[in-house]
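The chains carry the letters A, B, C and D, assigned in the order they are written, with residues numbered from 1 in each.
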Amino acid sequence: MSVAAETPSGGRRFAALARDALPYAGLAAVILLFSLSSEFFFNTRNFERLVTDSATLMLVAFGMTLVILLGEIDLSVGAVVALLAVILAQVMDAGVSWPVAVLAVLIIGFGIGLLNGAITVLGDIPSFIVTLGMMAVATGLSYVFTGSISVAIMNEPFLILFYDARFLGLPVPLWITGAAFTATLLFMIRSVPGRELFAVGANPAAARLSGVPVKRRKITVFAIMGALVAMAAVLSAARLGSGAPASAPALTLDAIAAVIIGGASLFGGRASLVRTLMGAALIAVLNNGMVLLNVNIDAQYIVKGVIILLAVVLERLASGARP
Amino acid sequence: QECLGTAEALTLTPEQVADVSARGLTFGFLTNNQSDDFSRTLVAGAEAYSAEIGVDLVINNADFDANTQLSQFDALVQRGVDGIFLTAVDAGSIGQAVRRANSADIPVFIVGGAPARGEVISVMNAASYQGSYDATAAMMEAIGTPNAQIAILGIPFALQTIRDREKGVLDAVGAAGGQIISLQSDFSQDRLLELATNVIQANPDLAGVVATWSLAVNAATEAVAQSGRDILIAGYDSEAPGYMELHSGDTNIVALSGQQAALQGRAALEGLSQAILEAELCEEIITSNLLVTAENYAEMWDIQYPGVKPPWEN
Amino acid sequence: MKPTRANLADYGLVVAVILIVGGLMVLSPAFRDPANLLGIGRQVAILGIAAAAMTFVILAGEIDLSVGAVASASAVVTAIVLAQGWGILAIPIGLLVGGLFGLLNGLLIVTIAVPSFIATLVSFFIAQGVALTLTGGQTILFDADWFRALFATGSFLGNRSAFWWLVAVALILWWLMARTRFGAQIYALGGDAESASMLGLPVGRLRLIIFTMTGALMGLVGMILIARIGNARADGAIGLEFDAIAAAVIGGARLGGGYGTMPRTMLGVLLIGVLNNGLAILNVDFNTQQVIKGGLVVAVVLIDRWARGKERTA
Amino acid sequence: MLLALSDITKRFPGVLALDGARFDLRAGEVHAFMGENGAGKSTLMKIASGLFAPDHGAISLDGEPVSFANPAEAKLAGIHTVFQELTVLPNRSVAENLLIGREPVRAGGLWLDRKAMIAEAQSILDRLGIDLDARVQAGGLSTGQRQMVEIARACAQSPKVLILDEPTSSLGRAEEELLFSLIAQLKAEEVGIVYITHRMSEVFALSDRITVLRDGRFILTGETKNLDRPALIRAMVGRDVAEDRHGLDIDALPVAMETQGLARDPAVRGVDLTLHAGEVLGVAGLMGSGRTELARLLAGIDQPTGGTMTLFGEDYRPHDIRAALGRGVAYVSEDRKGLGLILPLTIGDNIALPSLDRLAERGLIAPRRIRDFARDWMQRLGVKAKDSAVAVETLSGGNQQKVSLAKWLAIQPRVILLDEPTRGVDVGAKAEIYKLIRQIAADGAAVLAISSELPELIQISDRIAVVAHGRISGVVPAAEATEEGLLDLAFDEGTAA
């Protein structure tokens, strides 16, 4: 059982550090594989592009880590990213300045997350259903709002700032991802509500008896998820240069998979942000590597399945879990 | 003629082919999905021709995800291919990447509409509007009565071609004095079958169904057959199941509009090659559609699927 | 303390479904046509069988993301076998393909302790790859009227065979779940896997059986799928897993295991089927349908939850 | 020899749980198995039950060497076990729990015979004298009731070897009696019984022989009649443990909590109780008498349907547990696995959970603070574990109980409600916990301690209140209390109406 190692705890230092590093094993193996097979893969420009391109996935996966840690799920993220990008594009199209538009989208995203959380918690129904409903509603609305035509974003400063611009030599999306990662990590293991999440996910009844405001924590997490999704929508819109209703159907499953590949339990109480980062990186590297390697498009699925399996098995073996 | 404006005009001369071969080019080829006949025929056409002219292809599909397609596009730019051809998931959402290709001097040739920004060498489109207009008009004529009730079965997708097809249907129905009583759409063939069945069931006076994409054609055909009613069908996309229907001699399909995917696949490589040889392409290149009916289906198959054995010969 | 017995409040879901059906009946004469109501029965056959199998999986505390892809792969293989003219052999082969994928899931989960989410995600990719490789993205046609009649189109006791397959599967799975030792063990496993193994239940074998059975049932789903429409495609049943999980969860199955019943899952299936059918008949457009369906499903589950009242949780 | 385990070694990551341990069992004997928390008793018996494979060593049954790949095989061989961790399935009825794996069937096994199942289960319950409806969901049972279900399940399968791992840890006196007569009956049928317990009185009343384990090593096996209490304790703990009684002058102490007519239907039906700061008020009662329900009302977990409460003279009406915590009232649940602890989390996280707010500095918590904090409390309660980063689920039962206590003591409550505070704790540790409870009281906290172990109540309390049928049937100064007197009150019929 590597459960203990997953949770933040007091007394561990080097051994724990080493164990935290082990999930890199699967990712490292894949990177090595690609580097050996394609001359185009292993270089800074490709990695930089990879990081920038996977920022959306990363942000959503960070939020998903918190949600899954609680034993909940959010199936609406892909649809909400698309809807928010559409709104962002339309608002800017209507002449609103980009800071206001971005702020508005962040607030709406936060509100959607809050709504998901509130219905789940106050209605006491599974988040699976609530967010499935939200997914359908958001998808429907993004098509209805646009009449199925993607809305181009012509605001160059916005596009540059959230995609091309650099700060201290690194691309802005990387800074945003890094900031979100640090903030989420701090929240998860250094803040009171964050640490309480582990208890809420593993045993909500016991957490409640320990004085944890379980409902409030759950709603908070969904709201944080909403904000991260909104930030992801901003980056996605800047990257695509448009608000498109079909922009991110694969995002939801990819984000959940990243978290689970990172060793989290779908049923709550166990998740690690560092490992989620690895899981998301694995997915991003896989998608990128397959293009560069020119893997046959039909075989790509099989290769992807087998590599995910190998990475997971390798990681489980390395971290000393059951066979 | 200032620019090359048709698929035929793109044809490479033997000298040009030799020139292209000598350069050892690699082209990236991105489809918006890989499970439909159109994409596969397009790819097959391109693959066959790439062997002829000696260029390498890197092929990928986006499973209808605009973000994924953008990543794939960027990976191709990163790989330094000599040209990129894509059937866009959403033309409006690829412009950023097109700009990056522009600055890397990689020519881009696109199906599905001009991107919002960046320069492409040309936009290739099938004659969506005209094709669906023609097929629908043929059906309206076969129905023959005014005020005929028509249902549309479509795909809820944000592609320019889909909107053009629907417009073609509306105009043709309007011109013949018919009325559209239902417009339903879905992505799945099984759901489309359900929708078609429900629509037929709910409308006793339904005279015709226009299916605006391949799976809708299959679904409409099957639903009409199961209902046993005399409802006529026009369709956009003629694929093996539609051809088999026409071949059976007992069908409600009046006409199908066939896109020339294999031709487009070939034209894609020719267009990119022409651009590399510094020829000027017109802003839009339209490939004409085939109007496939019970009379001409055998000839049409050979045009639409060159070198592929017709299904009725199996 | 009183024994747990079904009381009126347990019927919140029934009431909600009845309200929706009633509303649609008032709104649309075509909906209340008996022929249409019967039609809903067969339209939900595929979803119903997948949801029934998924209920078992969820009950055992697991999840299966591969069902859609596995059903598609079996469908493709079956169609190819039929097209080869191997006749009746197609049926065992189709079931076998599904069963093998199910077995693969089970083995990954039981022998190398991969969480079922990952194991079935892996088979999802593999099954999809297999289906695409086998079809090359083309639609596979076959000609076997007996097969189509047997699995979907044949009439029997006033409804089509597809509906009767659903009835048969739902009854058998209900029996397995509620009336056999095997079912009791699955409830135990899902209630507390650790206790179940301390009690000496063959936990590994139970998981293997569940996943293999689900796989084989997806073989059946694949056959019904192609029998309904008469062709097979690599993406025939993609996405089925989410609808199936949704139907089971709407019916009250708890992700995490231990809770769920077949009749309530069937109510969930019925709800989805009725909404799909009714909204199409009312000619609500696809995107608005999404919005309405999303909202209604949440509302129905809220009503159901509210009717059942607060359970004592701590 | 019916069952013999010899030279058994078992290692868990970082722990040598068993180190050449041995144990033998004769047919028709009750063999008490003793040892401190974490000595390895449960582990050894899990090996005998086929749940764990030993790293080394041999098992023989009826003189034949055997090895069990899983619990099913052990059961088939006739070894049935009531595990320390309850394995009652919450989502199933009592009947389904009792008959799991051998449900009555009709039609050649094709059809579960539900009627027969309920009838059979009910008859098992009735035969064993357990007052339970076989149709209710097990999730709603109290811990004691679950334990009875567990015992009934094992006994009903005509075992050859019956292993009982702390079967009475949440049983009241009446159920205990029931179990004892059951054991006598099985003994007469030549069943060999392994009996693990931390209750001394039971050992001497019940067992024929005693085996003691310490730190995974065999210490002794002897006839019970040749051993006495101090000797046994010394063998287990390696030193002597004192026992004493208390009795403060209540009138001199300030009133901490007072209830009047406190009720919540149907379990609590009008409780008048006064709890003083500085005293330990024991609460006795039969299983299901409403003690836990009462404590939950005081802790703000459930809402009363009637009556009033005051806390240090002020109106006290907590609308939820956080409100109660905010006013310094803490509750230690009897259901360690379900409500007390978060098993997959570490010791540190468990202990710190209710204290996180206090440990935070400007909203952030340093992991080191949690570590130090947890280490301190682990030391105070003598939690045996490598460090605070160990997952609680890998601890022995007694050590888990200590963690669950530490977690609540750590918030330094003004009123602490202890529900079975020494469930599954060994004698040595018990004595330490008693000392600790007395210490908290001496430091001024008001302690209310529910326990089903009457000697324990007599030893730790200043006064003992007895609950019967949801009411207080009497309050006795501990100095004057006798087990018989308390039982009389517990059975009091006057409160039943």
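The definition used in the following text is that a contact is a pair of C-beta atoms (placed from the backbone, for glycine too) under 8 Å apart; a residue touches a chain by one contact, two chains touch by 3 or more.
Just so you know, these numbers come straight off a predicted model, no measurement behind them.
Counting C-beta pairs in contact across A-B and across C-D shows that the higher total falls to A-B.
Centre-to-centre separation between chain A and chain B, using Cα means, comes to 35 Å. A straight line joining the Cα centres of chain C and chain D is 44 Å long. Separating the CA-averaged centres of chain A and chain C is a span of 29 Å. Look at where the CA atoms of chain B average out and do the same for chain D: the two points lie 72 Å apart.
The set of chain A residues touching two or more other chains comprises 143, 148, 205-206, 208-209, 297-298, 300.
The set of chain C residues touching two or more other chains comprises 132, 136, 286-287, 314.
Taken residue by residue, chain D touches two or more other chains at 301, 339, whereas all remaining positions touch fewer. Counting only pairs that meet the touch rule, the chains in contact are A-B, A-C, A-D, B-C, C-D. By the touch criterion given at the top, residues 71, 73, 75, 119, 123-126, 128-130, 132-137, 139-141, 143-144, 148, 204-206, 208-209, 256-257, 260-261, 265-267, 297-306, 308-309, 312-313, 316, 321-323 of chain A touch chain C in their complex.
Those residues of chain A that touch chain D in the shared complex are 1, 3-4, 7-12, 16, 186, 189-192, 195-196, 198-199, 202-203, 205-213, 269-270, 320.
The part of chain C that touches chain A in the complex is made up of residues 61, 63, 108, 111-115, 117-119, 121-126, 128-130, 132-133, 136, 242, 245-246, 249-250, 254-256, 286-295, 297-298, 301-302, 305-306, 310, 313-314. By the touch rule above, chain C contacts chain D in their complex via residues 1-5, 178-181, 183-185, 187-188, 190-192, 194-202, 258-259, 312, 314.
In the complex of the two chains, the chain D residues touching chain C come out as 50-51, 70-72, 74-75, 83, 85-93, 96, 100-101, 103, 105, 109-112, 133, 135-137, 140-141, 301, 339.
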